[in-house]
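Just so it is clear, A, B and C label the chains in written order, and each chain counts residues from 1 on its own.
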Amino acid sequence: MKSFTEYMTMHTRNRRELVHLTPTLKTLLERSDITEGFMLVSAMHITAGVFVNDNEPGLHRDIWKWLQDLAPAGPDYEHHRTGEDNGDAHLKSLLIHHEVTLPITKGKLDLGPWQEVFYAEFDGQRDKRVIVKVLGF
Amino acid sequence: MKSFTEYMTMHTRNRRELVHLTPTLKTLLERSDITEGFMLVSAMHITAGVFVNDNEPGLHRDIWKWLQDLAPAGPDYEHHRTGEDNGDAHLKSLLIHHEVTLPITKGKLDLGPWQEVFYAEFDGQRDKRVIVKVLGF
Amino acid sequence: MKSFTEYMTMHTRNRRELVHLTPTLKTLLERSDITEGFMLVSAMHITAGVFVNDNEPGLHRDIWKWLQDLAPAGPDYEHHRTGEDNGDAHLKSLLIHHEVTLPITKGKLDLGPWQEVFYAEFDGQRDKRVIVKVLGF
């Protein structure tokens, strides 16, 4: 049994942005030398998320609109009394979820043909980290 | 340490449908010969989900109504410019989440008395796959 | 390879309540004697959740308000025809999700500086269980 751990630093240009992680995850998986197991991809921040869906720009705009509808920026969140202005980013993180577990089979990410992994930044323009941990053999 | 991998093909009659997976998962667990570990149950599509909740038909109708309220079908999603008409199915998948990790203890799915596992189809009437992967010993 | 399993009993004073789990999880991790792997923290009930976010009381009030907006108590859910009155608790559990998988590195919960783990009770004032299972070496 083996484990492999890597920390990725994300620093987005925009406050809200999606980053396509699949290519990097494939490289990390090769480095891990693990062929059967699970890969956990988890944001280490409470204002970011990780999800699996389609790599289609129109859909991504739909996702942003939807996140904004269900967890809107702007309202006077109680959290803002601490001096923060990112209450919505916390709720968006809960909605999208901050982590995914990916199956690893025969040395590959065992994803469906349209499944791609994304980091969702809800309060960026600064260094933030994502942990990638593979457990298996 | 052992791993066990199985792919289930789902083909629902209706476009939107729930499929109760627990009985099949119990059979797969027996076949895996793993007594301690985790079982990952993950949709391999971006318009489907997997969740744990109650096997109660009234609640299932509540869940469908809720999904329809929070991720409605019909609106002119940007994703539809690609020729698709399933924008809502992607959002429903994000809302419900596409995977669960189940604990395996003493050779059993270690679930609470009311916990059952469901596949949620949001754009069916065609073959779609779910991966079941068990890791443990 | 080792596994460690513990069941925590939650019994909240209020029907809806958050319980900060991180200190207990750290103690359980020490007892597990596992230094590399994954910890699954999963509610064993369908009217409760587990999530990772900030330990800030104002934000917690925002989260409750948000949960109440998106999965309101009160409406005449079909589930209530069974005699239950907790339809909203099921939907809140789906929204927040009932489990998280935490990375374990060098014997520690490998969380970011602001990440804390919470149990979210949506229908409490009675004994309910959470399973904590660690898999690794």
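The criterion applied here is as follows: a residue touches a chain if its C-beta (ideal position, glycine included) is under 8 Å from a C-beta of that chain, and two chains touch if they have at least 3 such contacts.
Since this is a predicted model, take the numbers as computed values, not measurements.
S.K.: How is the touch graph of the chains shaped: line, ring, star, complete or other?
M.R.: Here the contact pattern is complete, since every chain touches every other one.
S.K.: Which angle of rotation, from 0 to 180°, maps the CA atoms of subunit A onto the equivalent atoms of subunit B, to the nearest 5?
M.R.: The rotation relating subunit A to subunit B comes to 120 degrees.
S.K.: How big is the gap, in whole Å, between where the Cα atoms of subunit A centre and where those of subunit C centre?
M.R.: 20
S.K.: Would you mind listing the residues of subunit A that make contact with two or more other chains?
M.R.: Answer for subunit A, listing residues that touch two or more other chains: 1, 38, 70, 95, 97, 101, 135.
S.K.: Quick one: which bits of subunit A touch subunit C in the complex? Just the residue numbers, please.
M.R.: 1, 3, 5, 38, 40, 42-46, 70-71, 77-82, 87, 90-91, 93-95, 97-99, 101, 129, 131, 133, 135
S.K.: Where on subunit A does subunit B make contact in their complex?
M.R.: Spelled out, the residues of subunit A in touch with subunit B are 1, 36-38, 51-54, 56, 58-59, 61-63, 66, 70, 95-97, 100-103, 105, 110-112, 114-115, 135-137.
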